[in-house]
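Pasting the structures here.
Paired with chain B in one complex and with chain C in the other, chain A is shared by the two complexes that follow.
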Partner chain A sequence: MEPTLKFFSGFAPNDLWYMGEAALRTLWISVLSISLGTVLGTLFGWMLYEGRRAAALTLAPVLDVFRSVPLIIQLVLFYNFAPIVGLNLDPFASGTVILTVYTAALVANVARGGIEAVGAPMRRAGRSLGLSYWQDLRHVVLPIGGRAVFPSWVGVALGVMKDSALVSVLGYVELLKASQILITRTQEPFLILALAGAFYFALSYPVSRYATYLENRWAQ
Partner chain B sequence: MFDYNFHWRPVMKSLPDLLEAAALTLQVAVLAMVLGIVIGLCLALARLHLRGPVYWFATVWVELARNTPALFQLFFFGFGLGAFGLHLSPYLIVLAGLTFNCAGYLAENFRGGFKAVPETQIRASRSLGMTPWQAYSRVVIPQVFRIVYHPITNQMVWAVLMSSLGMLVGFRELSGETQFFASRSFRIFEYFAVTAVIYYAIVKVILLSSRLMAARLFRY
Partner chain C sequence: MISIRDLHKYFGALHVLKGIDLDVQKGEVLSVIGASGSGKSTLLYCINGLEAIQDGTVTVDGTDVHAKGTDINTLRQKLGMVFQQWNSFPHLTALENVALAPRIVKGKPKAEARDIAAKQLQHVGLGEKLDVYPSALSGGQQQRLAIARALAMEPEYMLFDEATSALDPELVGEVLDTMRLLADEGMTMICVTHEMGFARDVSDRVAFFHQGVMEEIGPPAQIFGDARSEHTRKFLANVR
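Right, the complex of A and B next:
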């Protein structure tokens, strides 16, 4: 019998399962906050476009704060601010709220750019064909402006997916946090980090390539 | 709802330390940007003009830097290299991670900049009797610089924001220092609120000085 006591245990197949679960959590929080943030951000973008002076003085500086303060600081701040105003949020909820607002702040600029990309003559033409304001937005601005800024939107979405790793500071066990936990136990940093990195890469690389492909095709 | 007493005094007491840490943040960000610009330029030129292993090395670098989270890259330089017996100090981890990331993103910007200058211009300047070096330094580079000036400014802002990840690898820059003080005094919200303001100010100063410099540089 081996008398030595082993403190660290090697990487077991079970750990792969653990990492898979964590990867799903990364995916879940990203998908949730990207979708919510895109809806909110599009609304903000429309407000920035239509609000002109008023929006430039009120909404724009607020959104600017979320782009000028590190995400990690925003997360810690909000997580510690929520109990002060009597909200009891778990790390997942806090992370989702901040990631959503962060996405919205980034998408707002993209959406405004999209609306601006549709020329005024085109919109006037739509209106004079009898489209209402909302019909014009839905059937003229959305398809044309949406195409113009789709690649930037993909960039924002992928950025948020990667930044979701930061929610680990609040104790939410997503992929990178899970890797860190496993590294501490197994002492096999290279293998585990390579697995985690491969997951992010496999998610991000094809999507960004596809967006570039679409951009080139639409540009013709 | 509001039975929380804000205590700002401990924060104000350690404000000099925080500002000193902010200088460290700025230092590591500027250093990473300088290295990132040099390496990014090499990567961009390698991807444009070379083939074989150098091309692939540059391509792998750029795609890895752009398609994995910055935090993953820091962890890699922190723990991943430990697998090979290479243990970097927190300062070097953050510097290496930021440089790796910035070089990858800047390389793509530079590549776009070089592509935007038509090759006929080089031929034209060559036939005017310029040496290849003159053609590059007097015709191509000034135009490329103009194109990549704003992306470089944006990347500088990102470098400052990204350096906050140093907190998670034990580097005592602005965020790390804040966390140190916050966990000592339990005034987490107050400390991080002040830090957020400092980051905001740094970002605004960078953007403002970049705009002033652009006004001087790019007038005809």
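Right, the complex of A and C next:
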């Protein structure tokens, strides 16, 4: 009998490993982008707060663009147009750059809100003790304002982790891209998408739980 | 000595302090009284440089507070300040609240800063509350915490900005007692206050402010018994 040529093969236990590795890539690009984006966004938030008019005229509109334009458009535009200016970035690097800037644009407003939440009287109390501007920012504003906006920041971080799925359009094999590849091979979209969802949940849920734990501890 | 000469302060077009001249000697307790909006609190903010001034000078032990070259952060270590709102740092325990500035500003080792803090908390009667967070303290306790926090920097002057105004009436006494204690220990104090009893009993001099002008200054007996200014008499008649 002639051997049949098989285009499709069912879901195998090995494929779970494949998805697990992809989930780690999702985690890696998310952690990297959220960390860098948070640092950059905090800096932007501080500039928005301190720069007032100047920042409102220059920085704020730029951040608005990154917040408003759909992430998938930003990714495709950046990935395809960066080489024109001599930047030959692979999908991972392109994705990281855009996710970082996108995170920063979202975190900027959160950070500004955090600084505002501390309020002038508290800062005067700090300064009256002899704390310099930077010491006050580090030891009074950061811990107090940071806690005030921590839930918003967690929301941004979890959102960005899910949005990192869009980097798949550049060909970076993270969780969603890996799922698409497996679906093509196995023709079992329901099972594989459910598994991918479970992986995303497994990544998000501990973060969300830990955040709740921290909030409760601070509330005491 | 704190020396104020022809001090003018504006908030936009609003002329808040209109040419204040005032000397406060070491060891003196000065109470500043007057209606809300008379510029009393602003005077304190101008003394430790939390507010910029538009004209005149403020010098503390010969250092011009508002001069360009002045290291204001170092100067402020001499000038403890207690606010109407106590502004305890909510993320730190009572002990950490008080130890923060000695550690960060003066660079004291952690253990030494905590010793200083414990001593100052004992001083204001909060020796039992070292590891308690501010949210678990009453308003009066938080205000005493704020006093301890200022004292931990070993200031030579203490500025009190209506330290009891935001407190429930039954909590005012404990804060005034702490302020009395400091006065008895010889601390130089400028107290913006609505507590006329405190002003009369504890201060060496009382200044009355009216619409940005220091209308009158003198010993409590004179201000409360024989005020020269019509505004002072009217104000005192209303608050009694």
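As a working rule, the second predicted complex is superposed on the first by the 200 of 220 C-alpha atoms of A that agree within 3 Å, B and C clash if a C-alpha of one lies under 4 Å from a C-alpha of the other, contacts with A are read in each partner's own complex, and residues count from 1 in each chain.
Just so we're on the same page, a contact is a pair of C-beta atoms (placed from the backbone, for glycine too) under 8 Å apart; a residue touches a chain by one contact, two chains touch by 3 or more.
None of the values given here were measured: they were computed from a predicted structure.
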- [ ] Figure out whether A:Asn216 sits in contact with chain B (first) or chain C (second), or with both, or with neither.
- [x] neither
Open item on the list: Tell me the contact category for A:Ser35 with respect to chain B and chain C: first, second, both or neither.
Closed with: neither
TODO: Could you look at A:Gln74 and tell me whether it touches chain B, chain C, both or neither (first, second, both, neither)?
DONE: first
Task: Which superposed partner A:Pro143 touches (first chain B, second chain C, both, neither) - done: second
Open item on the list: So in the superposed three-chain picture, is A:Gly197 touching just chain B, just chain C, both, or none of them (first/second/both/neither)?
Closed with: first
Task: Superposed model, chain A: greater residue contact from chain B or chain C - done: B
- [ ] Could you say whether A:Gly86 touches chain B, chain C, both of them, or neither, answering first, second, both or neither?
- [x] first
Open item on the list: Touch test for A:Thr58: chain B only (first), chain C only (second), both, or neither?
Closed with: neither
Open item on the list: Shared contact residues on chain A, chain B side and chain C side combined as an intersection?
Closed with: none
Open item on the list: With touch defined as at the start, can you tell me which chain B residues reach chain A in the complex?
Closed with: 1-2, 4, 63-64, 66-72, 75-76, 79-80, 82-84, 157, 161-162, 164-165, 167-168, 175, 179, 188-189, 192-193, 195-196, 199-200, 203-204
Open item on the list: For the complex, give me every residue of chain C touching chain A.
Closed with: 45, 48, 50, 73-74, 76-77, 79-81, 83, 85, 87, 89-91, 100-101, 104-106, 133, 135, 146, 149-150, 153
Open item on the list: Quick check: in the complex, which residue numbers of chain A touch chain C?
Closed with: 121-122, 124-132, 135, 139-140, 143-144, 147, 218, 220
Open item on the list: Could you list, by residue number, the parts of chain A that touch chain B in their complex?
Closed with: 65, 68-74, 76-77, 80-81, 83-86, 158, 162-163, 165-166, 168-169, 176, 179-180, 183, 188-190, 193-194, 196-197, 200-201, 204-205, 208
